[in-house]
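Please find the structures below.
Below are two complexes that have chain A in common, paired first with chain B and then with chain C.
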Partner chain A sequence: MAKLQKTSVEMEGRYEDRWVLVEDEPPAWEDERELSVAGTRVARLTGPRRVSGAARYVSDVTLPAMLQAVVVRSPHAHATVELDIDAARAVPGVHAVLSAADGGVTQGENPIFTSEPAFAGAPVAALACEDDVSARAALAALAPRYAQLGFVVDPARALAEQRFQEDPVEDESGDVEAGMAAADAIVEAEYSTSAQVQHALEPHCAVAQWLGDELHVHVSTQGIWDARAQLARAFGLDPDRVHVTCEYMGGGFGAKQGPTTEGLIAAYLSRAAAGRAVRVFNDRRSEAVATGHRAQTQQRYRIGATKDGALTAIELTSVIANPMRGWINPTTIPARTLYRCANVRAQAIPLRIDVEPSNAFRAPGIMEGTFGYESALDELAALLEMDPLDLRRANDVDVDQVSGMPYSAKNLSACIDRAAELAGWAGRDALRDREHADGRQRGLGAACQIWWGGGGPPAHALVRMGHDGLVTVVTGAQDIGTGVTTAFAMVAAEELGLPLERVRVEVGSTRYGVFAPVSGGSQTMPSVAPAVRSAAFDLKGKLLELAGDVFEVSPDDLLIVDGEFVSLDGALREPVTEVTGKLGQAQLVGTGSRGPNPDGMRVNTFGCQVAQVAVDVATGEITVERIVAVHDIGRVISPLQARSQVEGGVLQGLGFALMEQRIVDPTTGTVVNANLEDYKLPTHADCPEIVVDFIDKPDPNASSLGLKGLGEPPIVPTAPAIANAVFHATGVRVRSSPITRRRFLEERAR
Partner chain B sequence: MSTYVRPESLDEALALLAGGGAHALAGGTDLVPLQARGKAAGPLVDVRGLLSDGIEPAGDGIVIGAAARVADVASDARIADRYAVLAQAAGQAASPQLRNQGTVAGNLAQHVRCWYFRHPDLTCWLNGGDTCYAQIGEHEKHGLEPGDCISVAPSDLAGALLALGARVRVTAVAGQRTLPLEELYARPSEDHRSAVQLAPGELITAVELPAPPDASAYERAGERAAWSFALTGIAAARFGDDVRLAAIGLTNEPRLLAPADPLAGLPGLEQTGWKRELAGVLCERALGRVARPS
Partner chain C sequence: MSEVAFTLNGRAWSGTVPEGTTLAELLREDVGLTGTKIACAEGTCGSCTVLVDGRAVLSCILLAPQAEGCEVTTIEGLGDEGSLSSLQRAFVEEDALQCGFCTGGQVVSATALLAANPHPTRDQVRYAMSGNLCRCGAYPGIERAVLRAAEETSA
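Showing the complex of A and B:
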């Protein structure tokens, strides 16, 4: 039965008690039960469509008489701008021009276009044009004239001037001074992390069209429902008059929330152009200057511990450059929750600088904070002359240090043990001390991870079956590239006792009316997969009822195994189509919802990674040879998709550790590496061997499937593991990411 | 946006290029991105089908056609065998995709690396403006030598060919000439804001390799394992007792260095001291690899 229930809902560490629509989930799969699909190696079901070009991305959407949008961006960090709007509108082939002069063109509370751009890349106008020729003529006619104003892009100066984006926040527990006094050793160090750009392969893009009083938007988004809600609000529409579609996506990594600025611009331009379809498609430069990034941080730690490694006190200050309004990146959470420590004081200082606001990027805040904290713990281990992994083991804790609640399940120590075994941790000093034929120095470093990823309600699914016995899973999630659709199909096939090839999955449209949450916070799998299972369970019940009627047996005596009805006594064995074949064109439909989260518990994910690096000490060249990644995410439904998630996270973590860094020029305030030749992403040649393993034990308290999310966890510990490995190999401690040749050589010379 | 012309003959191409202002287009891996950022304005004259892409023995040496791809140079067995430094430089340049697209002449004639020079919203000194933004801004990957412009030479091939003592054949409506590679480059000046010294309308048609050295080697440092311009590339070639040592990534133009004191006159700038240290190590390694066996 569906019911409204007040329950704790979590999104990237923000907890909120909310009324949500839930239904009880069916009982968990019995542990001893032999699962035939879940947990098996299944290649991504959408793979053939993706590689053959049959998959329809937003860039493939071409509508009749579609106009192309051009977004005009400020080249200056701070300026006022004047535009000849009327001249641009008069250009033949130009159907709409929007700027700050048009009221009510907003994203949330904020105008999209401004006459006083406050960062280089800020949109000042957008035009809807028939073709390139009219677009160029319109841009010339628009003739932006800028008058430059002063700006601040240096966080140090912003700090000195106390330019706060929000008020600084301090969290304190226990008695830090007493904890420090009780310490046998105190480590004190400062770390910095650079701005990292999401750079999804597919840029931000959208096609919008008004059909009468209905708005249709194709947009590359992580949240079609948020897109629907925000578009409806922007235009004062009933949400049911807004249809949002995102069939396939080429990545988001946090940067594609709701309708995205691009989706809103497309919809506003379309309205101004009498409803004609308008396409917005960012170029790579726009992606680099105007669609967000991981905020730059500076973190100072003081950590005390006793001789045996028990943490006695942690004090930290984390300065965050240009966080989003209303949300301070949780950079202090790793220090406050990853290990046991009763005495913690953590201050977060959000600064305002005149660069584009940062936004979510895969484990926002946590990943940066973990770089600092897990580097500092490595320094503490060195100070204590302790094995760095033993230090972590000594402080493992099964109670959330902030809320005091127990974890629903936690296997961090098992992750550490397994990672150490797979990485050859016991031989790490021998590896370091050996002379290698290539003249490089080698070493191992480790880091651990905590992230949320429990998911939760509301999330819904329906599963329908036609006369041919084929099943369609429908849910309003979107697959941002993680392969969740394959996992949904596996869950449905498992529950229904059908071969996987009989199941297909439809996602990415609000038209089905089946709500699912935003693909963020590692919550798609743990929120939606249980709803899919519930819907399949519901359908199975209905199917068995029908079968009972057809075969004149009790439904309770029937199972479905590999596409056949089988009676418990084995006497009956009939294909499912023996019943569904009688449906004609009618459909049998099961529905399901995610159940509530457990009360009084925290649902988190954990993991440990070990990096092996080879360093050419004289030239500062660092090669990551291997990453061992062991994560605890409860049950693993689809090992191949899970493996891909870990590989992707590790590579983005490697980029953050060694090369990725958006650079803003201090004298002009513009980004100097807003392209993919100067902004360095890891290439195939930079890929290490990635050894992936999971604890793969269902969390008994986390939904009927016992699974948790994996989107974020693997990116979290990679960078500190690499930094710690560089230190182990060379004795050089680089406290800034990325660890470039320059930083390594300068630190070594110090 | 630019007009694109595909002439039928080399003569026609040279006539189109003669006035200056037009750009010869071959692989386009440097020119096309530059134009997309509003630089190097002017019509494109596609010369790719008009120039030799052969790699042929000539006397004691080898002649490489201007349109030979960087990948062709990297995979040529005769070059790998006799001019190791060149094969190594070609094999480490850019990425496999770019090596398959870019030509030898285009690689030699590409513009300097500087993210201010290539910035779509800035007009720096090298672009004809007044300011070298790099010197007052972010220049940790720039040169070691003070001057009006601190951009760096990007061509791995140029470093290797300089060490080998290669010559370049150049043609124009007015006629042909052959010059030592070092004369193809100079520091940009008030009157000539480019490190490439081709006269207007001139086109590189071939590169001549002299007799092979006794030993040669290329040492290179990038920012990642592939598709990275060299922070610095050091080429060394030994002919008997004479060693020719050349560098890219340290100065505006590819430059011959004195083996006895390679970095003399290259003090390093505020943010490039580390690069000087790096270059010193690579010079030592390159010289070590070509040293006469004792």
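Showing the complex of A and C:
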């Protein structure tokens, strides 16, 4: 029964008690040993379409008479701009020009175009043109004239000038001074992390078209429902008049939220061009300067501990360069929650600098904070002459240190033990002390991870079956590359007792009216998969009722096994189509929803990674040879795609650790590596051996499936594990990411 | 405008394109073969890789007329959804993709690699494929897929 219930809803660590539409989920699967699909190796269902070039991505969408948008961006960090709008409009083939002169062209509360751009890359105008020739002529006619103004892009200067984006925030628990006084050893160190750009290979893109009073938008997004809501708000429309589609999209990593600026620009231009379809497709430079990044941070820690490693106090100040307004990246959370410590003071200082605002990038805040905190703990272990993993084991805790609530399930110690075993941790000093034939020095380093990922309501699904006994799962999620559609099919097949090849999945359209949350915060699987299971359970009940009528037996005496109705006494065995074949063109439909979250507990994910590095100390070249990654995310539905998620997270963490940084020229305020040549992404040749394992124990308190999300967890501990391995191998502690050769050699020379 | 004629996925193709049109633009916009992706448009990421006379080429920085008289093969020409090549099948089996946007280019580059070197070592795969970026981080899967396809061909 559907009901409105007040339940705790979490998104990337922000908790809120909200009224949500929920239905109770069916009881958990009774006998794990009888599962035939869940937990088995299944190839991605969309694989054949993706490897053959047949999958139609948003950037492949073409509509009749479609116009191309050109977005004009400020080349200066801060300036005023004048434009010849009328001259541009007069160019043949130009159908619309929008700028700050047009009121009501907004993203949320903020105008999209500005006459005083406040960062290099800020949009000042957009044009809808028939072709390249008219676009070039229109740009020439528009003739932007900039007058440069002063700017600040250096966080240190912004701090000195107290340029705050928001008021600094301080969280304090216990008595930090008393805790420091009780410590036998205190470590004090400062760490910095660079701006990392998401750089999804499909640039931000959208196609919008007005059909009468209906708005149709194809957009490369992580959230079709947020896109729908924000587009409806922007145009004062009933949300049901807005149709958002995202069948295949080429990566987001946090940077593609809701309609994205590009989707809004396409919709505004289409409206100004009498409804003609308009396509926005960013070039790579725009991706690098105007679609977001992971904020640059500077973190200072003081951590005290007793001789046996028990943490007695943590003091931390984290400076975050240019967070989004209204959200301070949670960089202090790892220090406040990863291990037991009663006395903590954490200050977050959000600075304003004149670059584009940062936004979400896979484990925003947490990953940067974990780099600092897990590096500092490694330094503490060295000070205490303690095994770094023993220090972590000594401070493991079953209670969330901020709320005081117990965790729904936690297997961090098991992750640590397993990672140590797989990585050969016991032999790490022997590895370090040995002379290697290639002359390089080797070592192991470890780091742990906490992230949320419990998901929650509202999330809905429907499962329908036709006369041929084939099943379609429908939900308003989007598959951004994580493989969730395959996992949804597996859950439905398991619940219905059908072979997997009889199940297909439809996602990526708001037209179905089946709500699912944004693909972010590691919440799609834990929110939507239980709803899919509930819908399949509902359909199964209806199917068994019909079978009972057809075969004149009680539905309670029937099961569905391998696509057949089977009676408990074994006397009856008939294919499902014996019943569904009588449906004609009608469809049998089951519906389901995610149930409420558990009261009084915190649902989190945990993990431990161990890195092995080889360092050429003469040149500073660091090679990551192996990463062992063991994570606790409850039940694993689809191990093949789960492994891919971990490998991908590790590689993005490796990029953050060793090579990725967006560089802003302090004299001009512009990004100097706004391309994929000078901004270094990891390549095939940088890829280490990655050993992936899961604890794979259902969390009894986290939905009827006992699973949690995996999007964020694997990126979190990789960088500090690498930094700690470099220290173990060489005795050189590099406290800034990325750990470039230059930084390594400078630290070594100290 | 330039006239251009070449063999595309085994069939003759000819047409007229504006000056400056790249092969990638021609394939995507004039022919409608959108499996060739444009991610950087400046020859640094490999998403637009196609075969020109059997060589892996970046179609986003190749002018369309430069393909005159050549054999051009795109991802669509290597095998469709219902009849995948053994390499494409290995990509699916090893989950060598996530969002799949770079995958066409990866498969094309790996096809060229295996044609030139049917039994590459792991390191040869890693270096030969390094011009094809994958932001999702499917590299381990791609490596497994290429080695698997090489093994299956010899069997």
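Rule of thumb we're sticking to: the second predicted complex is superposed on the first by the 747 of 750 C-alpha atoms of A that agree within 3 Å, B and C clash if a C-alpha of one lies under 4 Å from a C-alpha of the other, contacts with A are read in each partner's own complex, and residues count from 1 in each chain.
Throughout what follows, a residue touches a chain if its C-beta (ideal position, glycine included) is under 8 Å from a C-beta of that chain, and two chains touch if they have at least 3 such contacts.
Just so we're clear, the structure is a prediction, and the values are computed from it rather than from any experiment.
Contacts of A:684 after superposition on the shared chain: both chain B and chain C are touched.
When the two structures are aligned on the shared chain, A:652 is found in touch with chain C, with no touch to chain B. Of the two partner chains, chain B is the only one touched by A:741; chain C is not.
Looking at the shared chain after the overlay, A:442 reaches neither chain B nor chain C. Within the superposed three-chain model, A:635 lies out of touch with both chain B and chain C [touch as defined at top]. Set side by side, chain B and chain C differ in how many residues of chain A they touch, and the one touching more is C.
In the superposition on chain A, A:49 makes contact with chain C only, not with chain B.
Once the two complexes are overlaid on the shared chain, A:621 sits against chain B while remaining clear of chain C. Taken together, the two complexes place residues 132, 675, 677, 682-685 of chain A in contact with chain B and also with chain C. If you check the complex, the residues on chain B that touch chain A are 1, 33, 95, 115-116, 119-122, 133, 136-138, 140, 221, 223-229, 231, 274-275, 277-278, 281-282.
Interface of chain A with chain B (complex): residues 75, 120, 132, 136, 285, 618-621, 623, 658-659, 663, 665-668, 670, 672-673, 675, 677-678, 680, 682-686, 740-742, 745-746, 749.
Chain contact summary for the complex, chain C toward chain A: residues 18, 28-29, 32-42, 44-45, 47, 74-76, 78-82, 84, 88, 91-93, 95, 97-104, 107, 125-127, 129-143.
Per the touch definition, chain A reaches chain C in the complex via residues 43-44, 46-57, 59-60, 62, 132, 198-203, 248-251, 253, 283-284, 480-483, 640-641, 643-645, 647-652, 675-677, 681-685, 687, 689-690.
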